[in-house]
Each structure stands twice: as C-alpha cells, then as structure tokens.
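Presented sequentially are two complexes of chain A, the first with chain B as partner and the second with chain C.
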Partner chain A sequence: MPLLPKNWPLWLLVLVLITLPIGVGLLWLFLTALFDQVHGLRPVGDFSPENWRFFTEGSVGGRPSIWVALKNSILFAAAVATLEVLIASMAAYAISRMKFPFRTPYLGMILVLHAFPAVSLLIAIYYILRVLGLFDTLIGVILVKASLELPLGIWLMKGFFDQLSWDMEMAALVDGASRWTVFWKVALPLVRPGILALGTFALLSAWGEFILPFTFIVSGKSWTLALYMQSFMREAFVDYGLMAAVGLFYAAPVLLLFLLGQRYLLNIYSGGVKG
Partner chain B sequence: MRRYLTPFLFLSPATLLILLFFFTPVVATILLSFTDLSTTTFQNPSWVGLKNYQDLLADPFLKKIFLNTAKYVALTLAFNVGMGLLLALLTSLVPERYGDPFRALWLLPRILPPVVYVFIWQGLLAEAPMGLVSDLLGVSKNWLVAAPWTAVILANGFVGASFGMLIFTSAIRAIPRELFYAAAVDGATTWQTVRKVVLPLLAWPILFVTAYQTLSLLTSFEYILLLTDGGPGFYTTEVWSLRAYHLALSNYFGNVEFGLGAAMAAVLVVIGVVVSLFYLKIFNFKALVSEPKIEVY
Partner chain C sequence: MKRGIPVRLEGLSKRFGRVEAVKRLDLEIGAGELVAFLGPSGCGKTTTLLMIAGIYRPTTGAVYFGDRRVDPLHPRDRDVGMVFQSYALYPHLTLFENIAFPLRLKKVPDAEVRARVQKTADLLGIGHILERKPAQVSGGQQQRAALARALVKEPQVLLLDEPLSNLDAQIRLSARAEIRRLQQELGVTAILVTHDQAEALAMADRVAVFSMGELQQYDTPEVLYHRPKNTFVAGFVGSPPMNLIEGTFTGDGFRSGELRIPIPGAPTGKGWLGVRPEHLALGEGGHPARVLVVEPLGREVLVVAEVAGVRLQVLLPEDRRPEPGGQVGVVFPERATLHFFDETGRRIGPE
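Moving on, here comes the complex of A and B:
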C-alpha cells in the first residue's frame, strides 16, 4: 500500500510465520534427499549416495530407467508447449485481426471453455483416445494436454495481439505479403513477451502434469517423471531418502527457474493465467 | 466465401482440437452415462436409459460422498480466499522488496510438480522419527491417517491461496493513492484503512475468486487422489469427482463401471457448462468481446 504502516516489521514477521511451512517443506526435501536419515529436520548419519542409486542402477524395482522417464517428460513438456503456443497464437491472431462469421460466439465459446473445468471430461476422453487408437501413447496425452489449455492460451495471446499497432502489418500487406507471412514474420516476433509467458506457463504445467499421463498411459516405456515418482508412493515400504532424491531431481528445473526468475514468474501468473 | 478462407485456416487447428477434446467429450460423457459400458461390455455396450442415475440415487454412500464434496469445497474455498486475502494485505503492508519475494514463494506450491508437492506433505506428516509434525507434537502418528481432512484441505489450500493472492494484490495496487492519503489525513489506523478503504473495493475480486474456485474445486481431485486416494478407510475423503474417476477408470474391486462413472461425471459436466455460461453473463462479456480492432477487408 502506498502508505507504509510504522509497525510494518511486525507484519513482515506474521508473513514469515505463515510462509514457514513452504520453506520447511522444501528444506525437508533437500535434507531427506541428501542424508541417510532425517529425524524431523535433523540429519542423522552422513551424506547418502544410496538415495541417488536410481542414476546408476538401470532399473529400481523393475521400473523403467529414470532416463527413459526424463526423456519422455522433456518430450512431453516441449511438445505440449510448442503445440499450445503455435495453435493458440494462430487462432488468437485470426480473432484479433480478421472478420469472419460467428466471431463473437466463437470468442464467447473460448471464454466459457476457459472457465469450464476440463478435468470433468477425463472419463469421456479416455474413451475417445481408445477409439482413436491413441490410448497409452505419449502423442495422445500431448494432444489432450495441449487442447485442454488452448482456451487459456487463445485468450492470453488475443490480449497480446490486440495491443499491437496495425501499422507494421499494414505496411507488409501493402507490399504484397500474404496473411501467413505477416503473421509469421511480423506479428509473432512482436508478441514475443506473450509467447514467452504462455510458453513458460505451458512448460511448467506440462512438466508437473500427473493426472493425464496417470490415466492415459500404462506402459513403462511411456512413463513420465511424474509416473516414475508416483510409482514409489504405492509401495508398502516408503523409501523416503530415495523418493526425496527422485523428487528433487524431478523438481530441479522448476526450482531453478524459481530461483532465477521469481519476478518473471510473478508477472506471468498475475497476468491472468488460471490456476 | 473465399474471403473467409484465411481466418478459417488460422482457426482450424484450434477448432479441431477443441471439437475433439471439449465438445465430443461433453456429448460422450452424457451419452455414455446412458449405457452399461463396463470392462465386460466394452466392445458392445447397450443402452440402459436412466438406470445409471437410478443406481446412483440408490447408492447408500451417495450421501457420504455428497457431504464430503460439500466439506471439501467449502473448507478449501474458505482457506483459499481467506489466506489469499491475508497474503495480499500482508505483502502490501510491507515494503515491496520484501512483499514480492513472499508472493513468489507462495507460487511454489502451485508450480512444483504435484507428485513432489504431495510427497513432501506425506513426509512431514509421517510417523516419528521421520515426520516433522510427529516430532513437533511429541505424538508419533501418521497424521495423514489421523487427520486426513486437515491434510487434504491444507495441501489444497496452500496451492489454491496464490490465485486469490495475485488477483487481490492487483486490485489493491489499482486503488487510487489519494484514498490512502485521505484516510491518513483523517487519522485512520492501519486496520481502519484496510477495513473501510481496501476491503470494500475488493468485494468484486473476492466474488470473482470465490465463484471461479468453487467451480474448479468441485471438479478437482488430483491432490486428493495423490494424498489419500479417498481414504484412509472407507470413503473418508472420497469426493464426487474422485468417486466418478474411481468408478470409471480405476476400480480396484475388479469390474470397472464406466457407465456409472460417466453418470457421476455428467452431473459435474452439466454443472460446469451451466455455471461457466452464467459467469460469462455476469463478468461483463460484452466489454471483453468487442469487434476486431482493425480489419482490412
């Protein structure tokens, strides 16, 4: 607020206290991943390379290698983000720049779908993927994930295109460029902040995605890191050290992005990305 | 019609995917709910009319599931909105260089992979000597089993609070500075400023967050699935959407009752469609969908 209360350090203290669980949770993850045992937050014993055996052992308890899961996760996140940004940008550009029949209802539909809770469709999507022969394939899950986030993406990108001045595109059109060339060469480069924002959001969201691969993927060879890690949760005996190490490895890109780009993330998520 | 070829081409990939993964599933959910589709009848399901809905109403656990859902939505929503508001106010009461990092920290539960996030909760709530909560309270228990609802609501709440926090913060930042100066000149205390100046101006954002999160909580089950999977014991934390999911896709008792699951999902889908159409109406749609800014044709 524009006027700082005199006792603001007191409020800061309250803020620290209610935020403590988040910090403690992360600290617990680090310590548990590194040490032999952790009692509460007190490490007991030495650094434990045992926890990280999933790197060197080909397969832990019959699971596929973590490198397979890592490869799938990278492929999944990259494909989802690329598809989502490209397809959403194309649609958003048409909505922002062109006249076509049913434009207003179309945009209305996008908005309704943006608020519509897509998880409720999971059961039917399972059936559709079976019919299409895409069940238990990474491609199927990629398409579903990208599709379910399209309304959000289109809405976000439309906002960015709406803010662009028309002059540059007009000049290019007068010079005889096609609408596609104008979109690809002129408009898209100008909305780079939007692409970056949507891309980051899509990458983070796909990287963490659990319920879609969990529902639509069965074979170990298509496991993502989320499935790899979750498979340990179902064991009767929980190896906290090993799981914390896997979890830390899995969450590392997210934590790194958080450390390097807090302010940027705050901007993206404040910019109307839904949760 | 040739002049519409270009917009058609630009829109076709998005339209195709939306038809395939939004429209078809909405229709399919409702159609499937009228069939007896299950593991045994997957190849040729037959039409059974309203039977699934009758079975649903006759289910002795329906009341339990319904109450669980109400409890989950109401309590998590209260936490989300309350905590979101508290965080937005607190981070606005301290200098920005301190406030922003805290707001960023609260994003972490949201951006951490859910599997990792839930694993941390499980670890903290485990028995002594591992679990921190057991350690602090001096009572060694698996707190996830001892207090499943607290765990479910807190775990969901720590993820959901940031949504309100961000929206309320933007709203607070949009308040004209003059109002704060005027309040200060009148000798208002911090509490009075918050109570009389800030909160009344947050009424609309609070309504929006409440409305939005009610709908998404009603259908969300990812964190519950990972945390307790509806347990411990019999349906302790099983909510409507999770029950639909279990029935249709992961029934551990053998036969998967797809049709019945679809019937439960259909209820959510219908609520989802109706409520989101309603949102479109109240959250000022006309202003959002003005004609395209520039048009060459």
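Moving on, here comes the complex of A and C:
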C-alpha cells in the first residue's frame, strides 16, 4: 500500500498547480469548440454546432475534405506502427540472439542514431526523397518516420528478447523448428507485451507527427490531420472555434484509446506487463 | 514404438572462447541403453548433450546415430527428443499444444496429433490437464509434460538434462522409477545428465563420469563402485564418499604419518589408499581412534573418527552408536575391498 507523505495536502496543492495550465488548456479547447464565441474561458455566444461544419461541408476554406486528412492520418499511423513493429522485432531478435560481424558497432550506431536530432536530417532526407520520387507522397513520409523511430524500437524489443530463456528456443529447435519458425511461433508470442507497447508508442507518435509531413508533403490530397490543423495558423484571421473543433476531432481517437485501454496502457508505461 | 539406435561420439570436443568445455570425448552407447552423464556442475555434461541434440556444433569430432553421421545435421533431422533442466515448456501454449508442437511442425494431420498427444499424455498421467497452461500445473506435472513433448514424436534418442533436479525429494524417487520404466518399455536409447550420483547409479545401465570436461570412467554402476579408475571417481561415486588417505605404500602395507596399515601384497611408492565408509568397522584390536562426530542417518550411523591424525568416515548399523569424544578401535577391511591409487590418482590395484 502506498503511504501518503506527512504533509500530503501541500503536495497535492503543488501537483494541482503544476497540472493547472494543461487543465485550463483542455477546458479552453472544449469551450471554444462548442460555443459560438468565448472570451477568456467565458462562453459569450450560444451553444453552436457552427464550428463543426467541417464534417458536412466538403471543403472548408479551400482545404481538402477532413475525411481525406483523417484517412491519411490513419493510414500514416497504421503503416508506421506496422513497419516499425515488424522491422524492430526482427532486427532486435537478430541482435539479441545471433552472432554476426560488426554486431557491436552496429549496436552502438543504433544508439547514436536514436540520439541524433531528426530535424537536422530534414534537408538530406528531402534530397533523398526527391531522387527516389517519393517527395510529396504519403509512402515517402511513412518510410522516413518509421526509419527515424526504428532505433528506439530496436532497443526496446532487444530488451524483451534478451529476457527470453535460451532453453525455450533450443527446445523448439529440437522439436523440429527452423530458426524462422522459432522466431514466429516461440519468441514473438513471448514478447507480446513488448510488441503491444512498441505498437502503441509508434501509433501515438505517428498520429501526432507534424514536422515530417509538414516538410515533405505539399499536395492537399496527402495532408494528414496535423497539416489540416496547421493550415488555420496561416490565415490572417484565425477561426479559433473551427480550429478548436478540428483539434478535438484530432485528439479524440487518442483520448478514446486511453480511456478504453487505460489499465493496460498504464501497465505498459510502467513496464510491468507480464505475458 | 520403434527401438532406439546406438549413439557413438568420436573425439568430440567443444570450446567456448578460452574455455574448453568438453575435451576429446569418445563414447559408445548401445541401442536401448540408458546411460547417465555424471559429474559436478560445469563439467560439460549439458554441452555434450546439446552437441548430440544438434544445438551446438562440435569444435572437433563426430556424432553417429547408428551408421549415420549426424553432427552436420540440423536438430530437426536427427530424430531426438530432449527434456531440459528448466523444462522449457512454451508458456503461451496449453500443455496439449506444448506436447503437440513437434507433431504440428511435422504437419501431422490433426486427428493423428490428437490421438498421439492423448496417448503420450495418458502414459505419463497428465491426460486430464491438457487444456491448462504450464504455469497452472505443478512442477512434477510440468516435468511430465516436458517428457511427453520429448516422447510424442517417438524419437530414437532421448536426451534428459537433469530432469529430476527441480522436483521435490518426495516425487523425485518415483519419477526416477517412472522414467526408467518408460525408457525400457519404449526401448529408446537414452542419455540422462545428472550431478546426483545416487540417481545415476539407480537409473543407468552405464554411467559416464565427467570432471572438467573430461571423461573419467565409463562403466556399469557396479564397476564404478567396486573398481573406480581414479580418485575423482572414487570420491564422487558413493555416499558418503570414499575415505582417501594420502601416504606411502610399502609393499607390505600403507603408511600415513603415524598410521600404519598392514596390507599383504601392497604396491610401493607414494599414493592414496581408498576405503569406503561402509567397509570400515569399529571393534577390539582396531586402530585406536577418537570419535569426533556421530550423525544418525536413519537406518545407519555415520561416525567421523580420527586415527593417528587422519580423519575417517565410518558407516555403522544403527544399533552400534559410539559416544562422541569416546575412544574406539577402527578396523580396516580385507585387501579386496581396499583401493590403491598412485600419486597422480590413477588406480593401481587391487585387481
């Protein structure tokens, strides 16, 4: 049982104060999205669905339909997460279980790559995408995002594979499995908590990704929700009500994921899920 | 089920970097025989087993199953079943799927898988808990499941790596008998790795004693007990262990400090005299000794006595119980039950 510290009301107050700005921000978002006009945190106008017109109007202010952006965002996040989990698991398994030349330098390089600020790579990546003909395509950004996230994913998965006992894999080999079968049928099922954790991280990170699509995508047909939102900031008169509504819509899937899978996600974040 | 095949190891060795885990091992195991690999922890028993299974590639040497050389083969092409010390059951699968795993990999039709898994599980008395996961059954049942998984594909060679060491003392004895019964019923060639000499002697047709990666002796339990080839085997096989006294053979006896034991036809030179605790006795006319410790072992009593500066363990029937601190006489047995070893520990008699 956790024991409360002696002066817990004081601590609680401090924590509430620290959390307050975030809470106020969220409150503003809700109010602004739901009412005609909001001064400070005080709704002035009537309760109004006007801000949500992007649902029904095909295009708001010359933007592509929100449904296109939503589809792109889902596609982007799902593809990044799938690629990352798949490649990271296989790479991590190889690193954890096999001897091969340059294994140690490779490991070091993964760490360095993880620490490398991705922003400084943008220009180089731009040229590479141009050469490959992937500039301004969703596939291009998916590949870039997945690659940049891989080092962390590999490290995370390597940790999970390292904890598996060799005996189990030896047993599978004696039972008649190939290395490939051992990976799919024995090792992978046993690191399921790791896969769920990494998959969730990847999904959330890709869903919130802004700088990569912003840099490498121009055409509206490839916009993600992040770009859709950002487009409001470029206008002379920002329609805050509309923007807040879009923001809520953008955040909803993540909120939903957390509400539904709260207990499970908390477990993952504290690293305590057992298979 | 089909009968096992002979297994032959030729000049088998394995290096891990600087560690030579197994050194030039030559060994032949007959078809349907149960051979125990006996030795202290870290002497290379598991490494040898894993080379036979095909997990480790030998550094040098060859492994034959019958006339077939198998050491270049992948484990799945060798037809072996193995029980790991940790059992290594797949925690995410039910016992049924654990046992079925080798058959599924062979793409055996589902109906046949069901029949064979059920039959093997029934044979081992776990037929009623097959839908459970490994974590939901007892250690003894896990051990049986691991054994069932090893047996279900009806291998020609069965490898057992300390299968009993994680069991309670109580079920260990019955598990010993059961494994032996199964092995004989199925006629499978079996290798049992253990560090427990009693287990090796009780279960095996022949025992291979290892020390530091080297085979010390390979014989039947009787020969190991009565004719140990060196001081290592003499000290490792038998419980309580053999008394080994360092001293000098004088042709007509043995001398160690003040202690003098007349032995007709003794060898000469420095060496070791070995005598098992159960072959020593207390009585009149023996070497005067002081009793240090008296330890009741149930049916017997273990006495530690000091004779002329030499400590000896003596095993007595329960009704003969000397007082600690008291004076007794230690009587040495006939020449035939003594063991002579030379300075390097090699057995030099009696024949």
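As a convention for this text, the second predicted complex is superposed on the first by the 252 of 275 C-alpha atoms of A that agree within 3 Å, B and C clash if a C-alpha of one lies under 4 Å from a C-alpha of the other, contacts with A are read in each partner's own complex, and residues count from 1 in each chain.
Basically, a contact is a pair of C-beta atoms (placed from the backbone, for glycine too) under 8 Å apart; a residue touches a chain by one contact, two chains touch by 3 or more.
Quick caveat, the model's predicted, so the values are computed rather than measured.
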item: Chain C versus chain B on the shared chain A, clash or fit after superposition; value: fit
item: Partner, of chain C and chain B, that touches more residues belonging to chain A; value: B
item: Spatial angle chain C-chain A-chain B, Cα centroids [nearest 10 degrees]; value: 100
item: Which of chain B and chain C A:173 touches, first, second, both or neither; value: both
item: Partner chain(s) touched by A:203 [first = chain B, second = chain C, both, neither]; value: neither
item: Partner chain in contact with A:14 - chain B first, chain C second, else both or neither; value: first
item: Contacts of A:148 with chain B and chain C, given as first, second, both or neither; value: first
item: Partner chain(s) touched by A:101 [first = chain B, second = chain C, both, neither]; value: first
item: A:187 touches, of chain B and chain C: first, second, both or neither?; value: neither
item: Least Cα gap, in Å, left between chain B and chain C after the two complexes are fitted on chain A; value: 5
item: Chain B/chain C common contact set on chain A; value: 170, 173, 275
item: List of chain A residues in touch with chain B within their complex; value: 1-5, 7-9, 11-12, 14-15, 18-19, 21-26, 28-29, 32, 37-41, 44, 87-88, 90-91, 93-101, 103-104, 106-109, 111-113, 115-128, 143-144, 146-148, 150-151, 154, 162, 166, 170, 173, 179, 183, 204, 207-208, 210-211, 215, 225-226, 229-230, 233, 238, 240, 243-244, 247, 250-251, 254, 258, 262-263, 265-266, 269-270, 274-275
item: Chain A-facing residues of chain B, complex; value: 4, 6-8, 10-11, 13-15, 17-18, 20-22, 24-26, 28-29, 32, 37, 83, 86-87, 90-95, 98-116, 118-124, 126, 128-132, 135-136, 158-160, 162-163, 166, 169-170, 172, 177, 180-181, 184, 190, 193, 198, 212, 215-216, 218-222, 225-226, 241, 244-245, 248-249, 258, 261-262, 265, 268-269, 272-273, 275-277, 279-280, 285, 288-289, 291-297
item: Residues of chain A that touch chain C when the two form their complex; value: 165, 167-168, 170-178, 181, 186, 189-190, 192, 275
item: Complex contacts: residues of chain C adjacent to chain A; value: 50, 53-55, 74-76, 80-82, 84-86, 88-92, 101-102, 105-106, 149, 153, 159
